[in-house]
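Next come the structures, one after another.
Shared chain: subunit A. Partners: subunit B in the first complex, subunit C in the second.
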Partner chain A sequence: MSDTTTRAAPAKPNRGYGRWTPAWFLAPAVLTLLLIGIYPTLFALVTSFRRYNITRPRDGFPFIGFENYVNVLTDSTFWSSLLLTAKFYVTVLPIQVVLGLVVALLLHKPGMGMLKSLARVTLVVPLATTYAVVGLIGRLIFNRDFGVANQFLGFVGFGPIDWLSTPNGAFAAIVIMDVWQWTPFCALIFLAGLSMVPGEIEEAARLETSSKLALLRHVQLPYLLPGLTAVMILRSADVLKLFDMVFVMTRGGPGSATDLISIYIQRVGFRIFDLGTASAQAILLLILTIIISRLYIRLLYREVH
Partner chain B sequence: MKRALRICASVVALAAATAAMPVAAMADWLEEAAKPLKGTEVNGIFLDRPGYRAIIKLLPEFEKKTGIKVNYEIVPYENAREKEVLNFTSRGDLTMALVDLVWIGEFAENGWLVPVEDLAKDKAITDPNLKLDGFFPLLLEAFGSWGGTVYGLPFDNYSGLLFYNSCKLKEAGFDKPPATWAEFKDVYGPKLTDASKNQYAYALQSRRGETQSADSFMRFLWPFGGSLLNKDFKSNLNSKESQAGLTFRQDLLKYMPPGVVSFDHAEAVNALAQGQVAMITEWSAFYSTLADPATSKLGDCLAVAPEPAGPAGRLPALGGFSLAVASQASPEQQKATWLFIQWATSEEIAKAYVDAGGVSGRMSVYNDPEVKAKYKFVEPMVASWQAGVPEYRPRFPAWPAISEIVAEWGSKIELGEVSVEAGAKEIGTRMEEILGKEGYYDGKKKLLQ
Partner chain C sequence: MTFLRLDNIRKNYGDTPVIKGVSFAATKGEFVVFVGPSGCGKSTLLRMIAGLEDVSSGELYIDDRDVTYEEPAKREVSMVFQSYALYPHMSVFENMAFGLRMAKKPEAEIKAQVTEAARILQLEALLDRKPRALSGGQRQRVAIGRSIVRHPKLFLFDEPLSNLDAELRSQMRVEIAKLHRSLGATMVYVTHDQVEAMTLADRIVVLRAGLVEQIGSPTELYDNPANTFVAGFIGSPKMNFVNAKVASAAGDSLLLEHPTFAGGKLTVKTPSAARVKTGETVIVGLRPEHLSVNAATPVLSLTLDFAESLGGSTQLYARSEGEPIIALTAGRPDLKPGDVLNLGIDPRHIYLFDAAGLAL
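For the complex of A and B:
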């Protein structure tokens, strides 16, 4: 047997592949990120230190130090909107997590493959729906006279509710629409977590106990925690910037019943055009999101070994 | 008064200048004027409302005559100012400004509009029959003028009107609509309301936003002798008259459908069109929606009257848009845009514009017996435009910020979350804070509204 048949041929130098090749491949993504992510953030940061109202160009855009931040932190409307947003978050998240988990567990059960595939596809529909369209659907569903919500209540013997014209009704309506849109997201994330549980461990556990709750708590939950952390981080960022759906449904009203922080910032930024203050508000929210995310990761995230 | 005199002087000067032109020049002036501008593009923003759909219908005629291309983007009202402000501050492509009456102060003070006087100096591009005095003076002053200078020509013109279902009124024993707000509440309200049958006398569009501040809150100030500001630009909302108006609005709620606080224009119009309410006070522009059998069940029952009078007289809601030339446009585009604006607001096409669903600001078209007979809204609207308050909503640059405050606290008052007095006080405090920052209290800014 000749030597050539036993030894691998020396690799030919790959022409065109050099030290900078990976950089060229990465460059478009990095540049895009710089352009659409980093630059606007830096611009907002700089703007937050200036008096920057574009409808008053004659006043100029001078640097004013931390004045905008002081104004924001002493603005009672900012704090009440932030509190309302927190209330919205702690209302929707548990519902979405519980419902999402129930749906995921149902889809994780063996059998009915075709139906489950169909259900998984339909879960994507609310997620793929534009926020503004969700708002429009919400306006129709919760219309007092011809909305589906009141029709349904009528069937079960309850009188019509003024969903969008009472503070509690309007808040409940935006909660329901958000739950409708984002429960499938939680379900899909949890389903992915459940599919990570090794089959043999799950089977062994089923032999050990007939309690589904024990199975969930001791076997499946550890695999769900990374997903839960991701859900909480993404949802807190998302709730802080939730705008379109609420604006279309209620415009923050009636009164200030649904005046979430993003609605308020949009108003300051694009109705009053006080971009300095709006940027300071946005930067504070960014800091808040980062703090919340770090907390979630520290308190909840566990690697599964 | 001084401002009105200055506007009158501009109007007279322009009228004299155009009258001096030879009659021969009047014929086909537009085609002649447009010859050097063939191929120029006019860019503007339109709304999805009858007045804009009407001019879009007529556009081919203008484009054919002039060779000027008119590009428009249709945007919701809520986004129109944002789009225009961003475009003007970034020196974008808009050559024509659509100016709501409450934006005129902001647009004019920032130098985003070219004064009509400057444009009309160029006789080659000015309609010999421009006749600024042919517009309703109230509209020209309110929609197109700021600080005594005319910037825009009234294009999409509204007056608040009382639209009512005459059949329902007849059934209840009324052969005419209420003449005063007091009569409206005390006589018509109880007779036309039967909550058990989901029937109500009135619907007042009150959704948070400009609908709450302009259509709902302000509507009950002026007729009752109240106003937002006094002559020193301090809040006048806690005056006896303003309080009376706002309390009256609360008292009317029992004759309105539940949930009226979330009603926008569409819901109020629909409530009348579908027979849930007997009366609404809405902009004249909604006549075509209410008269159209595809969108309304009213048929011959549709009737129109001026808004009822209050103790201070008949001071109905006033709203509308003018078209103005944007100063950021190139000289060629400015000329082309000026030609388009003159044509779109001219007496010459006024009848065609009204027939296509628009509401012209020209007086002459409403003298036409055919127009009077065909459109029920004409007489009450013309009557409403004889007298009115140009500053029905203040037109200064601070209005958008104040409007937000009025919208929030106006809704809270209506919902009963705060009392009329406390809500008015809160609006007043916040409003004065804004006006102070704007420089109205230290003499930096003239008290123009």
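For the complex of A and C:
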């Protein structure tokens, strides 16, 4: 084989690309994650086992085992906050899922291409809005004297409601704002799921049934389940840590009408400065989130092949 | 008795007409095949019969009922799709039972119907499987099973065999033909494959660019194509066309001139000789399978360019002006490229078309 002897030596692997090149590309993301994700979580975990009240530094920060956890689990305010959060969750989530599905089905229908693209773009606006800003918008909408909510109620003949200073009104207001912000998210996820249904399968079903409900239930729903699972998990985690929007709108009030768990934890941590107890609460919340997510994955998640 | 009737059916997408007025009727139990090149509108037409596409204008009747604007599920038609379109999350049994369940049939009847269809299609062993665990041929059977359990008035097939390999395709073709015979049902079948059309159809509708080119039985289309399009589309290999000049027309015979002809001239007899004048162009159509090699009185005298042996027969490509002339001959003639080919043909097998391509 004469040609092999004359062939140039095999080219060196690309200069600048070695074993560690992928690591360099990953490093910024991993470091950032360590810095703002992992480290604070571990810090909170450690803190949750300590007496850690920063208004009394002279007491030191001794390890006290599970005392914080026992305190938290026997604290009736913690439980009532958690219950209120659960109530909030079971109120907003069904509304968001159903409304989101309706919007997605409407946008999935053929025709009116221009308007639908416009609607899809508009759906992103609430998602892109910061929670705090949503809270501010909420305060304006539900203002007793010049809010648009009362203006609309006036049109249909209802007197002005003092939304933010009555317990039920305030709860309804934060529900409405959360629904406003997160229904579009559900709609987009469901829309993606609906567009996954192969056209011919939908058509095959249309030849067998004229019921839109049967089509949804038997043919489209299986394709929506992965998205629904994602919505449930993300919304569970999100509701459990929902803070800014409610804090800006109501500060947890009036009374404890909107005192969601994250607002309560914030108060323990940054008003009473009992970081040990607050950390224990936060860790419990994290565990709860993980359990709920695993449950949803087990119960709902199905791949369609 | 007319069972399916299309009356001047049209379809426009915006300003673009896709189906430009198709009228056609099929009797009960007939197997009708829509055939044509891609983009001719055959699938659109089928989907309009199914109700999956709106009809822009015209009327559609199934079993004497106007279904032009009826919902798909209420037309009592079933359809087998190219991609089979099985419900991926349902078992074979559930796939076949779905339509009956939607129609709220009693469970015992559903079970009986599905079992019967599974028996006909040899799917009994697969009833519990999900579609993803089936081969292409099995999926196709399930799709067919799903359509027969409902006892529809009309079976529609949209290129059902084009995703299968060649062997399975011919096997399924035979099965569909048998199924048609045993069910005695009216079927409309879309394909771009003229072999499927020829073998399955009682009647073929040849479509081009949204218009019907010709309707007829397979042999009618083969023997009496209405124009060069149909002549070229039906038959394989494709018909050879020679654009000859009319040297003289006398009585019922025409003297045609073209360098391809032996001696540059060819005399043909046709009752419609009077319709052409001297100097005009006439298209001569010659089917490859009708050309015989080493003829005593050759019609064409050409040089062999290339020969393809198919084992039992040989396909000969002869050099000519424009497209090569193809001849299909039995056996393996002892010919080399460059040899002179003297091709003969029975005068009854010469097709003549006018300059516009219409049959003379």
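Operating definition for what follows: the second predicted complex is superposed on the first by the 290 of 305 C-alpha atoms of A that agree within 3 Å, B and C clash if a C-alpha of one lies under 4 Å from a C-alpha of the other, contacts with A are read in each partner's own complex, and residues count from 1 in each chain.
Quick note on the criterion: a residue touches a chain if its C-beta (ideal position, glycine included) is under 8 Å from a C-beta of that chain, and two chains touch if they have at least 3 such contacts.
Predicted, not measured: the structure shown is a model, and the values here were computed from it.
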Room on subunit A for both subunit B and subunit C (clash or fit): fit
Subunit B versus subunit C as contact partner of A:Ala214, first or second or both or neither: second
Dominant toucher of subunit A (residue count), subunit B or subunit C: B
Which superposed partner A:Ala205 touches (first subunit B, second subunit C, both, neither): second
Which superposed partner A:Pro222 touches (first subunit B, second subunit C, both, neither): second
Touching partner for A:Arg302 - first (subunit B), second (subunit C), both, neither: second
First, second, both or neither for A:Arg251, with subunit B first and subunit C second: first
Nearest-approach distance, in Å, of subunit C Cα atoms to those of subunit B in the combined model: 53
Residue numbers on subunit C that touch subunit A, as the complex places them: 50-52, 71-74, 77-79, 81-83, 85-89, 98-99, 102, 130, 132, 146, 150
List of subunit A residues in touch with subunit C within their complex: 198, 200-201, 203-211, 214, 218-219, 222, 302, 304-305
List of subunit B residues in touch with subunit A within their complex: 82, 85-86, 89, 106, 110, 198, 207-209, 212, 257-263, 276, 397, 400-401, 403-404, 407-408, 411-412, 414-415, 417
Touching residues (chain side subunit A, partner subunit B) in the complex: 54-58, 144-145, 162, 164-167, 170, 250-256, 259, 267, 270-273
